[in-house]
Amino acid sequence: MNCVETPYCRRVAYYETDKMAIVHHSNYIRWFEEARTAYMCQNGESYADLEKKGFLMPVVSVNCRYRSPVGFDDEVEIYTRLVSFNGARMKFEYKIYTDGGNRLVVTGDSEHCFIDAETRRPLNMKKANAEFYEKCTLMLGEKQN
Amino acid sequence: MNCVETPYCRRVAYYETDKMAIVHHSNYIRWFEEARTAYMCQNGESYADLEKKGFLMPVVSVNCRYRSPVGFDDEVEIYTRLVSFNGARMKFEYKIYTDGGNRLVVTGDSEHCFIDAETRRPLNMKKANAEFYEKCTLMLGEKQN
Amino acid sequence: MNCVETPYCRRVAYYETDKMAIVHHSNYIRWFEEARTAYMCQNGESYADLEKKGFLMPVVSVNCRYRSPVGFDDEVEIYTRLVSFNGARMKFEYKIYTDGGNRLVVTGDSEHCFIDAETRRPLNMKKANAEFYEKCTLMLGEKQN
Amino acid sequence: MNCVETPYCRRVAYYETDKMAIVHHSNYIRWFEEARTAYMCQNGESYADLEKKGFLMPVVSVNCRYRSPVGFDDEVEIYTRLVSFNGARMKFEYKIYTDGGNRLVVTGDSEHCFIDAETRRPLNMKKANAEFYEKCTLMLGEKQN
């Protein structure tokens, strides 16, 4: 695992476990969101600011593969990577590790589109927000190298 | 338990349990909300419609006492009662039962105020929405008898 | 949509919405679980009973495609279908509709394995629980016709 | 606010907001739990370890007063204080601040009892776990001074 990016780290809360005594599978989808928010922020794009500018980034699809469970108080590291972006769609991949990076917990991805907060109509960010478009294109290029 | 009102019924979902194998205590607060929504609807006031008219009903306080646990797939009945209303504030009480009404699970209450959806300023519904005011006053009277 | 099966119906709770004023995408994964539980029960297999017998059915993967949003108080119907089962793995597909079945909201699937509740070791239900195996094989056959 | 204790800090996740564009009120109860877990750990009592030793600490009551809302990506600090403990019952108080400690968001408390993880019978920790009893008595004393 030769990732250069800083992972997003967090501990498992009690309320995130279920009666199997492991994290309920729906919560990883929520952690993807936390990790994506942190990743965008690290790369100079605050999602909170993006929304203030009138853009929303709804989720188009989510895929998640559960490889090994984690339980209450376990520490996890979430690696996020932008894997595609064309102005209209954006795709992230996630890898969640525990035990200091030695055990793979979950892998997954999420795809997003862009819409206008007011009209809820789809947008191409190349036109709608050139600065965002360039930053994401750069983010994509760096990860690919 | 000589309640005349129809309780709001639901089953415990798997994702609502925690590693103690019982419902996580935060979820009862969410069930209060579900029950309150159903209760208002039964009494001719859809909360969804109230919001469409521009009114919000944020929660000012919640109190909850846990008496007996429930687990996955258990059926619960939630009794809701409006216990005070003066146009500016509104208070509901809840009783959650299981085992066909024979076991008391949780009791609690929630207090609400009214605000304008746009300005987020507090409102007195006596002025802001007379129809709602009358309906709630009536609802309160009926429950007291 | 020529489904013969009875859909699982529910309303959107307020706490399931997010600041986009639509259901947060993670909640559909939770609804899949509710619908799967109801579907298994309809087909004579209570998941609560299965757990009491010492079997767990952890989720191996989840895929979800978001086609159209729903908001607070909207009614949804969830159609569940068992699409594969070989004793060791089981796959369900889901279709969530709203507007009386006229608008497709979400499609997805979930794959499950079987483990022993004590040892947490994988099981083949053909050996471990022949009755369950036969019921599921039947369930699969019926849906395919 | 002359607290000596280190607050538990976290940011608001998107999935914790609701359609009012603020944190859903049930989530503060979950944050109380996160803060309580961190507070106990800071004071030398890991709740995860306590459970491994066979003790559970179910919630007996929760009270919560909502004073000012927070929204997506806001940073909050949660101050936790043990306010009573007699071996059989334990009570914590919480204060949640934002804006660098300048705005009070929520105040509340939670009461807990102790049960045996196996039998689910109530326990007095003075007998059941003397080390825990002493640590908590100390914790209580320190906070009162």
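The chains carry the letters A, B, C and D, assigned in the order they are written, with residues numbered from 1 in each.
Convention: a contact is a pair of C-beta atoms (placed from the backbone, for glycine too) under 8 Å apart; a residue touches a chain by one contact, two chains touch by 3 or more.
Source: prediction; values computed, not measured.
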Matching interface for A-B, options C-D, B-D or A-D, criterion over half of contact pairs identical, gives C-D
Of A-C and C-D, pair with higher C-beta contact tally
A-C
Approximately how many whole Å separate the CA-defined centres of chain B and chain C?
29
Please tell me the distance, in whole Å, between the geometric centres of chain C and chain D computed from their C-alpha atoms.
35
Can you compute the centre-to-centre distance for chain A and chain C, using the mean CA position of each chain? Integer Å is fine.
25
Identify all positions of chain A at which a residue touches two or more other chains, and write them in rising order.
14-15, 19, 22, 26, 30, 33, 51, 72
Quick check on the complex: what are the chain A residues that touch chain D?
13-15, 30, 33-34, 37, 46-48, 51, 72-73
Mind listing the chain C positions that touch chain A in their complex?
19-20, 22, 25-27, 29-30, 33, 51, 56, 58-66, 69
Which of the residues in chain C end up touching chain D in this complex?
14-15, 17-19, 21-22, 24, 26, 71-72
